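Common to both upcoming complexes is subunit A, partnered first by subunit B, then by subunit C.
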Partner chain A sequence: MSDLILPTQIDLLHVSAVILLIATFGIVVRRGFSDWLHAYRYQTIILAGVVTLIAFVTSIWELYIVSALTLGIKAIIIPKVLFYVTKKLDSPIKLEMNPYVSLRISVIASALLVAMSYFMALQLPISSDKTISVFLPVSFSLFFIGLFIIISRRKALNQIVGLLTIENGLFLFAVVVTHGFSLIIEIGLMADILVGVIISSILLFRMSHTFDSVDIKNLESLRDD
Partner chain B sequence: MIQGLFLLSSILEKKSISIFDGLFYLDSLSAIMIITISLVGFISSLYSVNYMGRQYDKLIVDRQKLVRYYQGFNMFLFTMLLVPISNNLGIMWIAIEATTLVSVLLIMLYTKQGSIEASWKYLLIATVGLSLALFGIILFYYANSVYDNSFNSIHGMDWTNMVKNAPQFDPNLVKFAFIFILVGFGTKAGLAPMHTWLPDAHSEAPSPISALLSGVLLNCAFYGLLRFHIISSYSIGPEFSNMLLIILGIISLGIAAASIYFQKDVKRMLAFSSVEHMGIISVSMGFGVFLGIYGAILHMINHAVVKSLLFFSSGSISQKYQTKSIADTSGIIKTMPITGFMFLIGGLAIIGMPPFNIFMSEFLMLSSGFSSENFLASGLVILFLVIIFASFGKHLLHMVFGNPKYEMEKGDLGKLSILPMIILVSVIFIMGIYVPEPLQTLIEDASKIILVGGANS
Partner chain C sequence: MSDFSIFEYGLGILQALLIIVLSPLIVGIMRKIKAKSQKRIGAGICQPYYDIIKLLRKDEIVSDQSSWIFRVTPWINFVTTASAAFFIPVFLIYSPFGVVGDVLLVVGLFALGKFFMMLAGLDVASSFGGLGSIREMMMSVLVEPALFMTIFVIALFYDGTNISTIVSSANDTSILIVPGILFALIAFFIIMMAETGKLPFDNPSTHLELTMIHESVVLEYSGKNLALMEWSHAIKQMILFALFVDIFFPWNFVEQISLVGISIGILVFITKVSVLASFTAFIETLVAKWRLFRVSDLIAMAISSSMIGVIFFFL
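Moving on to the complex of A and B:
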């Protein structure tokens, strides 16, 4: 099918890949809870767009449904749930005050991770066509930056956003490399993610109720001395 | 439970079942998982009645939470049963992730600070680990889709389909993917150094849930790992994955040995002992000879039974003593004779004393290790087992036979707390002396399924 790709489409691919990366960096550089959620939402909307694009190029009708599901569940419902949680949290300060790794260094680290992803994508023995060569490194970057967010931040909500970013990266990877799983698995994955977000929101409530904050420095009492 | 037995008999006849257009697939390996899950699930539901009843009386949980506990309990069993019956590896992943989510709900049943911390760590670490596994699964799926005509159809991710195409996979891709799978499912199976969530989650959960987590959930994750071990053995030969399994297993044993020695909390000690036993299973699988794999599968069952016995008895003990600290719990045999006796048997069995079942599978593992000429690995295993034997034994004897610190009312905690333990003890004794015929056939068949990859290459 790759011969059907027109130059304009390739440009579209590039542009969407760049916007995807920018949205991901938005999570890294901002401090506010709601900023992350906005960034995540943009990221997911673009992701859904990319999936539609791939569906158009490969003309696999299932991918249209998948992209609609992505838009519905991940871009609308999940941010709604998390916005609701942020609004209801007891703690007055809804900012990431001092993460384990400062924001400036985070940006540099994320940039290095992106570079590493491009390097890794070259090493992988995966046959390359236009879509793959554009999006494979981007999906790796999402994955690694998500991991980085989880380990470098102190607020529990940010860790959820990191998890969701990892998940987005995997989703993009699956769609690009294998043109998506079959529909039943996609639906199962979405259900898992949705339930996971709801459970972690309950946990966030409990946390802010018990510790008066969602800072994970409170969560260091269980250890072996 | 009864349905489990029914299914079991049909598997003995046909060797494998495939229903719903190949969406679900059962063979002897899954049958063993199902029988373990249903046995431990049944017994721990028996035990729950007494345990949660007491927590309710002590006003630790209210009625609403009790209802939520039983709902969660059954959901948890359901998701775990979904793991071994799904043929589609994507569905298997979804089921394993679902077990995480449901068990997080069960762990955070008590709104203590500890359980919130434990469930948060568990949720994050397990989910990140599993997302690595998903990455590996996608790579395997990709490797399969290159050679498969049924590309992008539902069968592209079927295990049976992948095994069929496995010899044609790109070896580098398979190696790369298997490492991700190993780290991912290894996290969930509690293999060190990805085990850090395990002691917290197991010690903070209600005791019947700890039994389920430790006895069968770890097995479920390991089962997922095994399925990919088989595929990669078909594809690149078993040496690569065997080596990785042995290394991870030995690290787990070492970390568990050190942690058990310095442990102060009963349930954490038991949790680390789970890490140890998952390590044993992994090493035993890694030896890659028939006897070792047989021993590993036997060990999965034995460990599930013994560990649930220990969690039940320690649950009763900590309810009686109102503490989980090893130092404060002493003289169990004087205050609660029957439970103390059960705890003693469980403890002796778990450190591998001869008349009990764990000894048998550990012995099988070691002899297979020497027969496959893995002397260094076997030597290290023996060393760590001796350390664990000594330190666990020391804690155990102190807890069972020491003098009670303060006067306490004598007596056990009701019939319903004793009955499940008696069932488990009798299973331990029987399995220690001989393995029943049908089970033996099942384990042999399952070992052959795992071993075939080695025989072909």
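Moving on to the complex of A and C:
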């Protein structure tokens, strides 16, 4: 199957991988609540496009459905839920004021993470297939950048966006390596993510209700009463 | 490609003259687009030419506290930018003067002009000029590594720093650009905005001297000297636009030299540069000026983007 990929299709795959990486950087450089969500939505739309491209190249029709599901749930419903949450949140400041790592250092660190994931992917012996060798490092870097967002930012909403970025990376990994799970598992995963986002937004509400802010530093102080 | 005929040298001079003469027009187009997108009417697109002619006719005032640096800076600035224009291909795929120097020489000529401009800002000891010089220094210290990283990415992909080589191998690639070059494109665009003093970095059109960088350096100039400074700034902007278009969007070059081919090439070039100029002007209306210490965030983006470009080359 992989022998049938044309050179122009490989070029297309490369360019789409680059665009996906650039969209991921959009999440890292933003400062506002709604900016992250917009960046996440763009990233997911591009991810859906990438999955469609993979489906076209490898001609597996199930991947088209998976891409449509991604577009529907992750690019439309989840941002809607999170936008609703940000609107209802009575936190006075809607910007990431002082993250643990400053923005310009986190941009450079993410670039280093991308470099690291490319070197890691070179070490792995499974790069026989062309789509794998193109997208495996990209999925690694999505995973690492998501982790980095989680550990470097203070606001709880940003942690959710980081988690969703990690999930996007894992999803890309799964699609590329296995050419799609069976459709039932895929739908189940999507439902899982949706439930996870809803639960974490309920937690966000509780947090902002109790502490009057969504700074995760508040969660560190333990009280016994 | 070492020996060119006299005719080709003539064409090379024509290319450089095109850049020098057309540069105020691009400034005019950008101002018009900005005015239009802010619901103003704006001056006509030839207004920069009238400005330069008006300034050339006016008397100039030079502070008696200033040294020779202040008087010689506009000439140095103009000569460096105008000689940098000789290395840029416009409608031919090469520039006959490309054997003399490469893209690093162009950057070096810009740096020389900028160095003297900063000295002139400090020279008259007005507080605004000094402030502007200091900011200009900070910006150029930040921009330079990013610019060199981007040049290295481009040189790695298009084998060589010679502009003619870069442009001809960019012209040979297919419509779908090389993935690593995409990163260089983003980085180069950010650097272009920084070098030409566009809005997230510098606001040239205010009259609040505290917010501007480039304009407060040339604040003390008047008359012919001011005209030279403005014109060389316009030429620098035009050169950067032309480089951007040549490297990332080639495919307009003349194969065999004829009058029709050359005029079509010139027209396509002007169209591409004005589309790029309109796009930058449009971006400028969308963003506000950033705080001076947040500017380095954008430069960090440029640096990391070109870093990933390097990674893509060694894949």
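Note that the second predicted complex is superposed on the first by the 221 of 225 C-alpha atoms of A that agree within 3 Å, B and C clash if a C-alpha of one lies under 4 Å from a C-alpha of the other, contacts with A are read in each partner's own complex, and residues count from 1 in each chain.
FYI, contacts are C-beta pairs under 8 Å (C-beta built on N, C-alpha and C of every residue); 3 or more make two chains touch, one makes a residue touch a chain.
None of the values given here were measured: they were computed from a predicted structure.
Asks: Mind checking the superposed model to see whether subunit B and subunit C fit together on subunit A or clash?
Replies: fit
Asks: Go through the superposed model and pick first if A:12 touches only subunit B, second if only subunit C, both, or neither.
Replies: second
Asks: Considering only the touch criterion stated at the top, classify A:111 as touching first (subunit B), second (subunit C), both, or neither.
Replies: In the superposition, A:111 touches subunit C alone.
Asks: Looking at A:68, would you say it contacts subunit B, subunit C, both, or neither? Reply first, second, both or neither.
Replies: Touch status of A:68: no partner.
Asks: Could you tell me if A:166 is touching subunit B, subunit C, both of them or neither one (first, second, both, neither)?
Replies: Only subunit B; A:166 stays clear of subunit C.
Asks: Which of the two, subunit B or subunit C, is in touch with more residues of subunit A?
Replies: In the superposed model, B touches more residues of subunit A.
Asks: Is A:22 in contact with subunit B, with subunit C, with both, or with neither (first, second, both, neither)?
Replies: Touch status of A:22: second partner only.
Asks: When the shared chain A is used to line up the two structures, what angle, as a multiple of 10 degrees, is there at the CA centre of subunit A toward subunit B and subunit C?
Replies: Taking subunit A as the apex, subunit B and subunit C sit 150 degrees apart.
Asks: Between subunit B and subunit C, what is the shortest CA distance in the superposition, whole Å?
Replies: Distance of closest C-alpha approach: 22 Å.
Asks: Take the contacts of subunit A with subunit B and those with subunit C, and give the residues found in both.
Replies: none
Asks: Give the list of subunit B residues in touch with subunit A in this complex.
Replies: Residues 88, 90-91, 94, 97-98, 101, 104-105, 108, 111, 113-114, 116-121, 123-124, 127-128, 131, 134-135, 138, 141-142, 145-146, 152-154, 156-157, 170, 172-173, 176, 199-200, 203-204, 259, 262-264, 268 of subunit B touch subunit A in their complex.
Asks: Per the contact definition, I'd like the list of subunit A residues that touch subunit C in the complex.
Replies: Contact set of subunit A toward subunit C: 8, 11-12, 14-15, 17-19, 21-22, 25, 29, 103-105, 107-108, 110-112, 114-115, 118, 122.
Asks: Taking the complex as given, what residues does subunit A use to touch subunit B?
Replies: 60, 62, 124-127, 143, 147, 150, 156, 159, 163, 166-167, 170, 173-174, 177-182, 184-185, 188-189, 191-192, 195-196, 199-200, 202-203, 206-207, 209-211, 216, 218-222, 224-225
Asks: Help me check something: in the complex, which residues belonging to subunit C touch subunit A?
Replies: Against subunit A, the touching part of subunit C is residues 174, 176-177, 179-180, 182-183, 186, 296-297, 299-301, 303-305, 307-308, 311-312, 315.
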